[in-house]
Amino acid sequence: MNRAGSAEEARSLPSKVSVRNLNFYYGGQQALFDNNIDIPEKRVTAIIGPSGCGKSTHIRVYNRIYELYRTHRAEGQVVIDGKNILLPSVDLIDLRKRVGMIFQRPTPFPMTIFDNIAYGLKLHYRVGRTELSDRVEDALKRGALWDEVKDKLGEPANALSGGQQQRLCIARAIATEPELILMDEPCSAIDPVATAKIEDLIQTLRDNYTVVLVTHNMQQAARVSDFTAFFYKGYIIEFGATKQIFTNPAERETEDYITGRFG
Amino acid sequence: MNETTRQRRVDRAFRILTASCALVVIVLMGGILFELLRNSGMSMKEFGFGFLTSDAWNPGAGEFGAASSIFGTVVSTAIAMLLAVPLSLIIAIYLVEVAHPRVSKIVGGGIELLAAVPSIIYGMWGLFVFAALMQEHVQPWLGRWFGFLPLFQGPPMGIGMLTAGLILTLMVLPFITAVTRDVLQMVPPVLKESAHGVGATMWEATRHIALKYGRRGIVGAVFLGFGRALGETMAVTFVIGNSHRISSSLFDAGNTIASSLANEFNEASEPIYLSSLFELALVLFGLTLLFQTLAHFWVSRMQRQEAGSR
Amino acid sequence: MRLRSRTQRKVADRAARVVMVPAALAGIAVLAWILWEVISRGAGALNLDFFTQLPTPPGMEGGGLANAILGTLLMTVLATVIGTPVGLMAGIYLAEFGTTSRLATAVRFTTNLLMGTPSIIVGIFVYALIVLRTGHFSGWAGGVALAILMLPVVLRTTEDMLNLVPDELRESALALGAPRWRATLTVVFRAAKTGLVTGILLAVARVSGETAPLLFTALNSFYWPETISEPTANLTVTIFNYAMSPYADWQQKAWGASLLITVGILIVTVLSRFTLRDRKSRTWSR
């Protein structure tokens, strides 16, 4: 089943995120230059490019997680659901509830499996015991982890294998019902079998969520994404349907990267 | 004898030398316990377990009991821990999570220095500066507003149990703060990011995730601070007033085991007096050993739980 | 499932941030205050006589604490000479030989206990061990008490610092055919030199400000420490005695001695922190 979108579809689909003239600075050093991109809703968009090209930096703007660091600064517009989230008036709690994030390494919180999933829910909602466990079960099912952990919900989350931990983190992100899920090289610290499971999971997420997947693995981008953006030295060189990017790139740099001439 | 066998012998000798140096630590600990037990024998025989529960302390009449010293040690340590632990955690969180890096560096450096200042300096400052402040301002104020509590009754004398507890607070505060700060700095940034990523505020991320991640180190730091407060001598001796009595008011003079030892050890002329002081020292030693051992096993159980689940 | 009040959560966050600032400021303010009092009250006492003269009898103006300065130096050196080699050797055992052996585990645990033992207990132990047996207070006893306090500190730093030395370095020294003792004392020690020296300096600084272990060992004296087998003058016990006296001149001298001790210890501490920090960052970047 090839779900890869076409160029026409990209233009016709409503966009979840519209980035306009985004520049990003680490202290005095500029890392992103004039990024413009429209991320289609309920599709998987892959961001590829050589390391240090600004892929992660770019998606870290979407939930403003970069603000944890004093010297990091973004300029421009990132419009999610019609609202520019870079405006100071934006409620960060609300933004981060709507935008989930998965990191390179699994980041289970130092608590039980159950509490990990429940953590976000309990932060944002007053929720009764039974409903909480229903929600946790639901999130674990959607994170394709339920069958493996249903008998040990009370055990510490770091008892799980790396791949399971990463799916736990995905389930944790899903639990608060985000609309957009950012994944920053989610398989880079995980073995191939576990990677395959996470790729399957990403496929199923597409029905309900908009997914942005940063990856250094081009095969992975080709396998799971509908659309692909190619980043190079902080610029978005090319964005289009995954099939088109991989078979018939418009730009010279994209072709060089895809054919392995650098990167 | 060829060269290699010779070298092997030298190596063996070196190894034995280092091992015996390591053994010195154990011998010393055993020696302390032995000397304290041996020298407190006379007092033990004379007073039995009553030594621990009697608050009599009349060197002239040859009556000795540890109760008032134990009471003072517990009360002053409790004041110090009640105030210092939350305050240290707050300052450490401020330094790691909130403050501008430059501010954090300066304040953090200052707090490390505060930890290096010897206790006798705290004693000097406590006696000549802080006690006056207590007498003129703090105690009258407490008496006026909280005087209905037995804790804050009596004339403001400056020195006494409350002042000693506060000086102890100042002494353990930098210590716990410095260690907690180091622990919080060890929390992986990506873990903090994922807490913020699900929408936690700084305060929530720190309370639920960072403190939990570093709880082993923090518990260790608290216990170390506790041990310090328990055995701190000079700073307390300067400001506690040194009187063998149990009073419900924190304004009254009192004593701790360590302050009694510092004040009376060289004056003890009768063998039974000296022996009682040795037994007092034994009680303090026993208390610190007990709490340190508890801390050790608690922390290593936490460690096992974390490691076993990995 | 009802949404939690976001305002409440934000107010809690803001309140926490707001409370933290005065707490941290108070911490720093107290340090500044203590230092200020020590400097302003102590500076007046420091003059040439303070460093060169013997104390005067109670109530008489003038004189100095030269004997106490010398005594403190003497006993600190004595403690360093006794405590450091034993601590270094024991640290080598833990890091290089014992590592996970039962003896090493026991030594590590006991070291922590010894580190947490109140210094006054160590003073009483040495009183029983030396003063009672020899029949008199002495600088020896004071030095030994301080050495016992130094030992666990030096031991721990040595083990930590030696553990920072990469195994490859050890292995390559051994691969060249160096015997273990030689590899340790030359290659491994040299690699860890800065860390070891700073650790020892910190231990010396800590011990030189101790009072409680000297009260019943070295006692104090109004005279020059001519032999180390008699009660020996020292700064910290002098501070204690003078501060508790009714004479203004003595109290001022106590402040002078406090200033001297504080400045000495803070200088050593600051210097060693700088070198340690340097060393740490270098080790990590490698």
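Order as written gives the chain letters A, B and C; numbering starts at 1 within each chain.
Criterion: contacts are C-beta pairs under 8 Å (C-beta built on N, C-alpha and C of every residue); 3 or more make two chains touch, one makes a residue touch a chain.
In this text, all values refer to a predicted model and were calculated from it rather than measured experimentally.
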{"item": "Furthest chain, CA centroid comparison against chain C", "value": "A"}
{"item": "Chain with minimal offset from the mean of all protein Cα atoms", "value": "B"}
{"item": "Distance from chain C to chain B - Cα centre to Cα centre, in angstrom", "value": "16"}
{"item": "Centre-to-centre distance between chain C and chain A (centres being mean Cα positions), rounded to whole Å", "value": "52"}
{"item": "Chain A and chain B, separation of their C-alpha mean positions in angstrom", "value": "49"}
{"item": "Residues within chain A bordering two or more other chains", "value": "93-94, 123-124"}
{"item": "Touching two or more other chains - residue numbers and ranges from chain C", "value": "9-10"}
{"item": "Residues of chain B touching at least two other chains", "value": "201, 204"}
{"item": "Residue numbers on chain C that touch chain A, as the complex places them", "value": "1-4, 6, 9-10"}
{"item": "Residues of chain B defined as touching chain A within the complex", "value": "100-101, 188-201, 204, 208-209, 212-213, 215, 305-306, 309-310"}
{"item": "Sites on chain A touched by chain C in the complex", "value": "91, 93-94, 121, 123-128, 131, 135"}
{"item": "Contact footprint of chain B on chain A as seen in their complex", "value": "63, 65, 68, 70, 92-97, 100-101, 103-105, 107, 109-111, 119-120, 123-124, 155-156, 158-159, 169, 172-173, 176"}
{"item": "Partner chain C, residues of chain B touching it in the complex", "value": "7-8, 10-11, 14-15, 17-19, 21-26, 28-29, 31-32, 35-36, 38-39, 87, 90-91, 93-95, 98-99, 106-107, 109-114, 116-125, 127-129, 170, 173-174, 177, 201-204, 224, 227-228, 230-234, 237-238, 258, 261-262, 265-266, 277-278, 281, 284-285, 288-289, 292-293, 296"}
